[in-house]
Amino acid sequence: MNTEFILKAAQAVNAAILTHEAEIESLDREIGDGDHFINIKRGSAVVIGLQDELAGLTPDVVLQRIGMKLLSTIGGASGPLIASFFIAMAKSVKEHGGETLTEIAVAFTAGVDAIKSRGKADIGEKTMLDVLIPVAGKFTALAGQGADFASLLQALKQEASLGMQSTKVMIASKGRAAQLGERVIGHIDPGAKSSQVMITAVCDLALSLKQVRSLI
Amino acid sequence: MNTEFILKAAQAVNAAILTHEAEIESLDREIGDGDHFINIKRGSAVVIGLQDELAGLTPDVVLQRIGMKLLSTIGGASGPLIASFFIAMAKSVKEHGGETLTEIAVAFTAGVDAIKSRGKADIGEKTMLDVLIPVAGKFTALAGQGADFASLLQALKQEASLGMQSTKVMIASKGRAAQLGERVIGHIDPGAKSSQVMITAVCDLALSLKQVRSLI
Amino acid sequence: MKKFINHVDDFLAESLSGFAAAHQDLVTLHFDPNFVCRAQKSVQKVALISGGGSGHEPLHTGYIGHGMLDAACPGHVFTSPTPDQMLAAAEAVESGKGILFIVKNYAGDVMNFEMAAEMLPYEHATVLISDDVAVVNSTYTTGRRGVAGTLIVEKVVGSFAETGADLATCKVLGDKVNSRTASMGVALTSCTVPAAGRPTFDINETELEMGVGIHGEPGRRREAMRSVDEIVADLVAAIWHDLQPVAGSKILLLINGFGATPLMELYVIYNAAAKLLQQHGLIISRSLVGNYITALDMAGASITVCLLDDEILQYWDAPVHTPALRWGK
Amino acid sequence: MKKFINHVDDFLAESLSGFAAAHQDLVTLHFDPNFVCRAQKSVQKVALISGGGSGHEPLHTGYIGHGMLDAACPGHVFTSPTPDQMLAAAEAVESGKGILFIVKNYAGDVMNFEMAAEMLPYEHATVLISDDVAVVNSTYTTGRRGVAGTLIVEKVVGSFAETGADLATCKVLGDKVNSRTASMGVALTSCTVPAAGRPTFDINETELEMGVGIHGEPGRRREAMRSVDEIVADLVAAIWHDLQPVAGSKILLLINGFGATPLMELYVIYNAAAKLLQQHGLIISRSLVGNYITALDMAGASITVCLLDDEILQYWDAPVHTPALRWGK
């Protein structure tokens, strides 16, 4: 995972969430307070604005800077969670490296664990973690098995999609939707949706790259 | 004009304004504040409520009591004006009698003059006076000419209608509509409309009575 | 129409009862005829009585208490109160130095207060409020409407009356404040009078009503919706044209919400208006932002500028203790 | 959406600028990171800092001043502020006795304040507000939301802190007030977040949203519109069920408007609620009626009951001097 890829991924994520504006926005209107799209768009835009300043830095520093910037930009519930993800990833990359698929899986898992502990939440609570935890698990497993790069990415996309869909039938026990009891059944969690969109965008970017291994 | 007629007239007026609710209400919404119908309905209802208490009294006392009750019931611009009308009529009937058509015309004119001086208004200012002043004039003239009872009443109805219609093209210089300049052109004045409705109801009542002269 | 209401006929009485119960330390409510007066009758001062149609809360009942009114007469929603209310209120609060009526310039208010005044057994005077510059004065009309400037007159004269000033001097000060105060409002939506059950006017998503009155009466013109800076520029221009203030003048700036406009937006209006007025050389010495003279559930706001002098400033700053305005006590 | 706004991106900054300009005697505004603090830094007292998404004005910035907060951190509309804001605010107001964070119980607020607390170089504690009984507590959830009770905690603890009380005692009092306070709200219309540009929820002319949150979050259930007496009975029942007050208890009754509900209606609600609570043997010792914790332009209101004791009453009555709440000074 090099800096160039991170910055390209930021572009891809930004484009992807803008494409899904209406969907994400209406999900948070239905079972939240309607600002989730605005929040992640604000975060995404500020990362794009950092590109020049980040260009020459090492991946761990880039991830750390992104995390700190998001922490002071997004706000809401998603802000500290997404920021914690990047800050923990940065730490993992710094300590354990971020070159091999296994190292990246470790870093991604560290990020997801940071969200779990910051949000005191786990799988099945109708949050972004219903996407992130399964994806981290699949990532770790397939990287361990030395899976083929393209099929790993396809599997992650599929896992993200399944995780996102799984929130539809859940009752929420964390976040704003936790106040609504059975009224949230039938609605996908907005943070799960945006996570799935972002993961998909990054996977698609990786799949599209020519010299895959060198970039990532 | 005896008490029985006054009380019947109150009933007729009440029925007539209820019939014209939508029209009167929307006129005051267009160029006023939307309450004129509510105001006159409140006044009319309270007069109906007085019927038992008024039944045995002389016409001048009845008119005076109605005036005082309306004064403390209607409010708004129309309240003091309509109340002044009845109080002045009462005074005229007491002083000059209210039996002959001429005496009634004198009393009616006294009532209209009281509105003029209370409202500091005259004909052509887009108010109820654009109905009342012509009707008073016609009444006085026809009563003086000894006109036939039925055709006098028809003439008053027609005069009321013309007066009401005449406000449509006027710019207002009194009342709430006076603030609106040219925006009121094309709208009939609500007080002119309600006055026309009331006068028409009383005239129709008089026309319908069998022993006309004895009742009025 | 969705409102917190039981039956429309009981709306006013229940609202007044709630108001009086919530502020029983400050006010006492009387029914039949309806008026609200101070819980403690004051001694030997000019008694200030105001009133008007309901629906403008906290005006007027919310301004009863030390430093403002002695009594207020609430009419039905948007309908002037009747003379018997003023007479009963005067009876309750007169304390030997006469009655000052503070009346917003509407035909109904003027006539009802006038009839009360004619029957009043006490020395009395009237200050007529006519601060709304939305409608240009002309020889044909009965003069301008009274709107948010009423609050300023009630506060300044109210505090002056507490000093024991006599009736004539109170009236002079009231007239002075009125002549130095100009307001103009704008509406984004109509209000709905409960008894009518539907909005007073129709307005769509792309329009605003410039110069609207506090009863939902139409204003200067129906215009296209635009940015708050542009709206404020128009309102300030009309006020400026009327007051013709000289640079360096100290002013009181009141941004008044009509009932359904969030405070966040009122502060945006304040921000725009203050900048503009300062750019033109005025000094904003005092400010007030909030829902002070409302029009039920109308979304909109008005800007009021009062040209201060030492006397007005002194009595504006004096202590006030009412349900809706309180400081220094 | 029609709002008094220039560009949606500048809305918050312009509103804060207007607020700070209108109340420059009381508060000072800082941008980047955004926070508002007292114009005069207080000495040697626990510093109270609150914050949360904007759109609830006057909460929290309107409650900065003697007897309430030292600083407030406004987030974007309905979005929790970020930790850098709390850190900068703490830096500005800490005066030697530590920082008390007053945080409404929402995941976002809790986590952002928590991260700030972790980085804070001062002694600190947090009072979490969770007075909304709309949602029945269950082991699955993160607890109840903080709504209008926040005002009462900020006032009582704020005045207590002025006496020089230490951090731990301030927290104890805050937790006590929170535990003795219960609220529930109802909405007749949705609010519209400016950046979203459309109402958060759809609701028709015959419905109400019972137990709504102050961000337009859905509540207990969508119900048929009915009389205010019936609505109030439901709200009071839920509050009663939670507080289980004993007859003869003294209470503070707060009727809070969500932003677009006329004061006349709020007093009708007060009237209904007060009668009901008194019938059930409670003594209404203090009352507050108005727009104190709003949800932008939502039509609706909440009822809050706080079970008073001598300590809470003493600090509720103590002088307060803030832009939105003022007495005794």
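Going by the order they are written in, the chains are A, B, C and D; count residues from 1 in each one.
We adopt the following convention: contacts are C-beta pairs under 8 Å (C-beta built on N, C-alpha and C of every residue); 3 or more make two chains touch, one makes a residue touch a chain.
In this text the structure is predicted, and so the values were computed from the model without any measurement.
Looking at the partners of chain B and chain C together, they share no chain. The fewest steps needed to get from chain B to chain D, moving only between touching chains, is 2. Distance from the centre of chain C peaks at A, each centre being the average of the chain's Cα atoms. Computed from the mean C-alpha positions, the centre of chain A lies at a distance of 76 Å from the centre of chain B.
One simple way to say how far apart two chains are is to compare their mean CA positions; for chain A and chain D this gives 33 Å. As a whole-number value, the distance joining the C-alpha centres of chain C and chain D reads 29 Å.
Rounded to whole angstrom units, the spacing between the C-alpha centres of chain A and chain C is 55. Each of the following residues of chain C touches two or more other chains: 77.
Annotation for chain B: no residues touch two or more other chains. Arrangement of the chains shown, judged by which pairs touch: a linear chain-to-chain path with two open ends. Chain pairs that touch, as defined above: A-D, B-C, C-D.
Residues 25, 29, 31-35, 38-39, 42, 71-81, 118-120, 171, 173-176, 178-181, 183 of chain A touch chain D in their complex.
Contact residues on chain C toward chain D in their complex (touch as defined above): 1-7, 11-12, 14-19, 21-23, 54-55, 57-58, 62, 77, 188-189, 205, 208, 225, 227-229, 231, 255, 259-272, 274, 284, 287-289, 291, 294, 296-297, 299, 301, 326-329.
Note for the complex: chain D touches chain A at residues 33, 53, 75-85, 106-108, 111-112, 114-115, 134-135, 140-142, 144-145, 193, 195-196, 200-201, 213, 215-218, 221.
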